[in-house]
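Look for chain A in each of the two complexes below; its partner is chain B in the first and chain C in the second.
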Partner chain A sequence: MSRVVDLLRFLGGQVVNRVWRLGRASRFFLAVLLKSGAALLRFPLLLREIWFAGVLSLIIILVSGLFVGLVLGLQGYEILQRYGSAQALGTMVALSLLRELGPVVAALLFASRAGSAITAEIGLMKATEQLKAMDMMAVDPVARVVAPRFWGGVISMPILAMLFSSMGILGGWLIGVVFLGVDDGAFWSSMQASVDFRYDVWNGVFKSVIFGVAVSLIAVFEGYDSEPTAEGVSRAITRTVVTSALAILALDFVLTSFMFRGMP
Partner chain B sequence: MSNDNFLVHIENLCFDYDGRPVLQGIDMRIPKGRVVAIMGGSGCGKTTLLRLIGGQLRPTAGSVRVANEAISAMSHARLYAFRRRMGMLFQFGALFTDLSVFDNVAFPLREHTDLPEEMIRDLTLMKLQAVGLRGARDLMPNALSGGMARRVALARAVALDPALIMYDEPFTGLDPISLGVIGQLIRRLNDALGATSIMVTHDVQESLRMVDYIYFISEGRVAAEGTPEEVRASADPFVHQFIAAKADGPVPYHVPAPDMAAEFLGAAHV
Partner chain C sequence: MKRSVLDLWVGFFVAIGIGALLFLSLKVSSFSGIDQKNAYTVSARFDNIGGLKAKSPVRSAGVLVGRVTDIRLDAETYEALVEMRIDSHYVFPADSFAAIYTSGLLGDQYVGLEAGSDAEKRLADGGNIKKTQSAVVLEQLVGQFLFNKAAEGQDTP
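Let's turn to the complex of A and B:
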């Protein structure tokens, strides 16, 4: 009997704990937004974070985008050729990248490359009392440390996703046109004819903005909320990557179901 | 002395951490212009006391008043305005690891003043000169020794010429030379700035040499107090144990535990 009670208590404790954390994260999000003034007005602060989150993620984003495009080119050609429509390869590559793979895969890479670094940096600043010291100097750490990192991530994410998609399309072209002999003109004209700017491109960008907000918020919150020990920071980094991945995929489903409901 | 001669008044200060009482009714008065040491064993609530004075923690009961204003009653904005006149040196310096020595010391000036960059440069170099590290301005914190990092943090803490400087274990982990240097700096800066210093420490010898007044804290209360001469001559068993570094005394060596005979031989043998 007491085992059952213990189990229930354990499960209840876990649930209550998660709900508390969610509440704390929401309040933290609000605080970050309210204290964003200085971060957005002081351009050098923001620029530094865009450099760390965005520019330093460029290599992994560009190389991954190219490889995803190469694979899409191979697989797409193989399937389309069965129906004798290999010239539609451009459409297929572009739509899969712009609508789904670009925003989602770029966000997953961004979470593991930049999100984990943001969590680690803020967590270590907390563990070494740098945040407390800043607070004692009458400088709000949320405004000075957290908000610029949050906005740096939010601004970088859609740009990285667009670059990812562009590299992917280039990869698909390389495989399809250069190696497999799809007609160059057909590749681009089918793409141009079937990709709608507002419906496909804009929805993809919108997705990556939402992912950018989610990943950046998770990264800064986990860092700020981490236990100030070596073990605590390492657990916070793990949570950033895992929670970000789940959030991206779940949000992607929700967003896709609103954006693409089988309409033309 | 009248009330105006004291910068910090602490009355019946109590603080609980997770329901566990840490401070249980502290009374202290810190006179202006003096260097006061707060001593006690590790974990007796000394650092908590500093954080209560700085307003980073709120007391469970009692009050802290700095310059006749109650810290715990202040709004966030008022507290921040107040903290510009407080400097704090953290235990291991807490330098910003992404900024150079120069930028660390210039940080409070850049955040709180609109001074032109040349003036910030001059002020920063003056502070660094005062701690003997003008030549180290371009180093990053990870290239500094423990003693140098502490000196940079000291320069940063006094960058805005504070009226109250707090030191959290300024001597921990320093070699004897650096320790002496930090001790002298604390004294010299305090007197040169006309500031008031509160130093939390357990380094007895260095403190007796340089401070004006000492409070001993034990079990959340002020156990003894006095000037260094009074402390040296004190017959108080706690003070005697502390300055003679005796393992056992009023502060017990053993953590409270069940009776030893019962523990090792079983209850039947008692």
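Let's turn to the complex of A and C:
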């Protein structure tokens, strides 16, 4: 009997803990937004965070984008040429990258490359009591440390997603046109005919902005909320990557279901 | 890292981001093709629209001149009422002919406009295309073919 009670108590505690953290995260989000005026005005601060989150993620984004495009080109060609429509390869590669793979895979890579680094940085600052020291000097750590990192992530994410999609399309072109002999003109013209700028490109960019907000918020929150010990920081980093991945995939489903429904 | 070098890298990052956006907008995608402001609406009634959808192209002699904007069922006549926006660069005679065709064997369906011969009256905003031809439905074709074959079989014992 007492075992059942223990189990119920454990489950209830877990649920209450999650809801409590969700509430804290929402309040934290509001605080970051309210205090971000100074962060956006102090340009050098923001620049450093764009460099940290964006520029340092460039290599992994570009190389993964290229390889995803290469694979899409190979697989797409293999399937499409069964139906004698290998010219549609450009359409397939571009649409799948712009609508889904670009924003989602770039956000997953961003979460594991930049999100984890942001959490580690803020978590270590907390563990070594740098945040407290700032507070003592009447410098608000949320405005000075958290907000620039948040906005750096939000600004970098759409740029990285667009670069990922572009590299992927070039990868698909490389495999399709250069190696497999799809007609160059047909590749680009069929792509242009069926990719709409507002509908496909813009919705993809919008998706990546939402993912940028989600990943950056999770990263800064987990860092700021971590236990100030070595173990606590490592746990916070793990949580950042896991929660970000789940949030990206769930948000992607929701966004897709009301962006791309009932349209040709 | 020194400030100036950092600025340079961020500038490079933003520049290739803009480059990617330009690539995606100029090389990869196209705008819907029709300028929605300089366009006029015409409607047409069809017995059957087959697989026509909103945003399907409207072509004349194979050239994209507009897009389907809305498809409804007329509750009184049970006909499909198709509304389309046509680029105002293109003016059609009032007795033009609209038909639903399929691009290729398995492609999407589109509205084909064939210009009529009325030199005086033009299709204007809110106009109606009187002469239409429905989509070809494959099942009906196959059914007709089988029916004809069966009839032939009865004639020659």
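We take it that the second predicted complex is superposed on the first by the 263 of 264 C-alpha atoms of A that agree within 3 Å, B and C clash if a C-alpha of one lies under 4 Å from a C-alpha of the other, contacts with A are read in each partner's own complex, and residues count from 1 in each chain.
Heads up, the rule we're going with is that contacts are C-beta pairs under 8 Å (C-beta built on N, C-alpha and C of every residue); 3 or more make two chains touch, one makes a residue touch a chain.
If you're wondering where the values come from, they're calculated on a predicted model, not measured in any experiment.
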item	value
Which superposed partner A:44 touches (first chain B, second chain C, both, neither)	second
Chain B versus chain C as contact partner of A:184, first or second or both or neither	neither
A:197 touches, of chain B and chain C: first, second, both or neither?	second
Touching partner for A:144 - first (chain B), second (chain C), both, neither	first
Winner by number of chain A residues touched, once chain B and chain C are compared	C
Chain B versus chain C as contact partner of A:78, first or second or both or neither	neither
Chain B versus chain C as contact partner of A:162, first or second or both or neither	second
Touching partner for A:130 - first (chain B), second (chain C), both, neither	first
Common interface residues of chain A - those touching chain B in one complex and chain C in the other	none
Parts of chain C lying in touch with chain A, wherever the complex brings them together	1, 3, 6-7, 9-10, 12-14, 16-17, 20-21, 23-25, 27-32, 53-56, 108
Residues of chain A touching chain C in the complex	44, 47-48, 50-51, 54-55, 58, 94, 98, 156, 158-159, 162-163, 165-166, 169, 188, 191-193, 195-201, 263-264
Residues on chain A engaged by chain B in the complex (per definition of touch)	121, 124-125, 128-130, 132-140, 144
Residue ranges of chain B in contact with chain A within the complex	54, 56, 80-84, 86, 88, 90-92, 94-98, 107-108, 111-112, 156
